[in-house]
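Going by the order they are written in, the chains are A, B, C and D; count residues from 1 in each one.
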C-alpha cells in the first residue's frame, strides 16, 4: 500500500473509533508500516476522529525517531516501533483508550485471561472459542523506553500476545493490515466490555 | 422479492446493527430465502456494517452447500438452512453478536425465560405481556452439524422458539420477512439488555 | 400549527428517539392535538425512526376512534386522547419505550419519586431541584380502557403528574407543544437512567 | 478569534456533546471570552445540539449582565463570568450535564479525587498519571450569586481546579481556547464514567 492509502485507512479507523468513544480527548495513536525501515505514525495531540493526511509523519523503525525535520511523533512511538522491529508480519499498530480498557486494566493484576468467546476467532491462528487469550497488563509509566523494555521482556518470556493493556491508559493491538487491526480492536473492546459486565452481573 | 431487493434489505439491516454495536469484528451472518430450494447468505468474514451485493451467495437449503463455484458461505450456514428447511414460513434468519447476548448466554443454564415485557408482542402470535418467551441457550460448538442437531432436537422437543442463544457467541432469530426479522432482533436485544440490568439492579 | 407541520415535528422526534434506542421494534406512539375535537396519531406498527406523513391519522379526542375510513390507530389511542380531553393545555403526548423506563417500572411499587435533579426544571412550573417529581407506575394491561381508567383515577386523586410509567412497557409524557414534550422525554429518560445507576452504585 | 468564529466553535461543541448525550433537555451552557470586558454566552433554554449564531449574546465579565437590550443570558452566567474575571488565561467555559456527572456528584461528599488516569495529561501542566485531579462538588443552589461565592471561596482556599461538579446538576470546566475546553470536557466525562464503573465493579 502507498503512504496515502495507509494514511486514509488510519483516518477512517480514527473516525470509527471516535464514534464509539474509544479515542477521547486526543488520546490514542495509530501507525502503519511503510517498509522494513519506516512506519507512518500519528503526530502527537491531534483529534483522532478528525485526522487529516497532515497528521502523520514518518519514523524510523530502528530508532523510533522522526524522519521529518521539526515534527515530533507521539510520545509513545517506541511502543509502536518495537513491534515492527521484532515482527516483520506486523503492518499496523493501534492504541485506543476506551473506558472498559481503562477500568479493567486497573482491576487486573498481571494478565487478563479472555476465555469462552467465539470472537477470539477474530485473531489469526485462533480456530475455537476454547482458546484462551492472555492479555498482559503493564503498570503505566511516563518513561516509555522503560515501559517498552517491560513489553519486550514479557513477550520474550511468554510469546506474542494478541494485544496488551497499560494500567489506566488503554489498549495496544496489531495486525498484518489496518483492516485486520481495526477488527482486532473491535474484538478486544467487545470482550473487555463483556468482562466488565460478567464481573458485575456474574 | 427479487434477489437484489433481499440483498439490499440485508445490507440495510447490517448498517443498522453495526450502528448499535451488534455485529463487531466481522462476526454475525444474515440470510434470506430465495425460493423453496435456495437462500441468499452472507459470505464469510465480511464487515457487516458495509455489505455490498457482492458479499452474498446462493446456498442450497437442503444441503447448505454453496451454489456458486469457488465461493465459501459462512461456517454457520447450516444453522440458517435448517430453519428454512423445517419451516416454509421463514423468509429470513439473522444472527447477531451483541454484548448482552454474549454475557447472558454465559450466565444462563438451559434456557432464558423472558417474562412481563410488552415488547414480547413484537413476535407473531404473541398478544400479551403475560406470555413467556423461552430462549434456549446452546453450548458453543465449532462442529456446526453437531450444533445444528442440538437445535433440531430442542425444537422437536419444545417447539419453535422466537430465537436462541449460543453461549459466548450470540443470538439467532428469524421471521417471514427481513423487516419482521430485524424487528425481532431489536425486540430480543432490548429484552436481553433489560435482563442484564434487572439481574444487576433488581 | 398545521397538520403537516405537526406531523413533521413528530417525524423528527421519532428520528431522534430512534437514535437513542428509545423506540425499539416499532414500539411507542406519538400524537399531537389538531384542535378541540381532533388529534393526529401514529398508525399502529410503523417504524418510529422512519415515519412519513402517511404514518399518521386523525382521531376523535372524545371517542378515540379513527376519523379516517379503514385506518386503524394505535391500540393505545385512548391513553393519548384521555389527556387531550381532560387538559386543553396539552398539545402533544409522547409514549417511548426505553430500557431504563422498562427496567425501573418493573422495580418500582406504586410511584417513582425523582428528587434532587436540576433537570426537574425542564418541566413548566418547576423552579428548583428541591421539587419532587412523582411518576406513577401502572401495572401493564392489554385492556386499554381499563388502564385508561386507572390513569384517570390516579390523576383525580393526586393531580396531573409530569409523566407516568407502565410496567414493562415504557413512559408517557406530554406538553403544550411537540418541542416541549420532546424536552420532557429527554429530561425523564435522563433522570430514569440516573436512577438506575444510583440504585446500583449508590 | 472573532465573535463569529467563537460562536461557530461553540455550535460545533454543542453538536458533539449532544451526540454523546451530555446536554439533555436544553440543559448546559457554553461561553467564550471576547476580550477583557466581554464574553459570548448561550441564550437561556436553547437546544444545545442545534445552536445557531442567534443563540448567543454578549455579557459583561464584570457584572454578568447582558450587553444586548431585551435579551436574557442563562441563569448561570455568573458561574462563567467569575472565571473570566479571576483568570485572564481562561478563554472558554463549558457547562455540561451528563448522567455520570449527575450521579457521581450525588454520591460524593466534598471533592472527587481522580487518580491514576493517563488522561489527566489532557490538562495543562499535568505531565503524569501519578497526579491527582481534585474535583470539588458543590451543593446545588438556585441562588447563583451564593453558589458563585462558594466556588470563589473554594478556589481561594485550594487554588484553581481543572473543573467542578454541582450536585445533581453537572460539570463546569474551562480552558484557554474552545478546543482545549472541549478536550477537557471529554477527559473529565471519560474519567467520571470510569469512576462510576470502578465503584460498581471494583
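Odds and ends about this structure:
The rule we apply is simple: contacts are C-beta pairs under 8 Å (C-beta built on N, C-alpha and C of every residue); 3 or more make two chains touch, one makes a residue touch a chain.
As the structure is a computational prediction, the values presented were derived from the model and not from experiment.
Centroids of chain A and chain C (each the mean of its C-alpha atoms) stand 45 Å apart.
With centres set at the average Cα position, the gap from chain B to chain C is 32 Å. Shared contact sites, meaning residues of chain D that touch two or more other chains, fall at 200. Taken chain by chain, the contacts form a single closed ring in which each chain touches exactly two others. Shown are all chain pairs that touch, namely A-B, A-D, B-C, C-D. Chain B meets chain A in the complex at residues 21, 24-27, 97, 99-100, 102-103, 106-107, 140, 142, 166-170, 196, 199-200.
The residues of chain D lying in touch with chain A in their complex are 20, 116-119, 122, 127-129, 183-184, 186-187, 189-190, 193-194, 197-198, 200-202.
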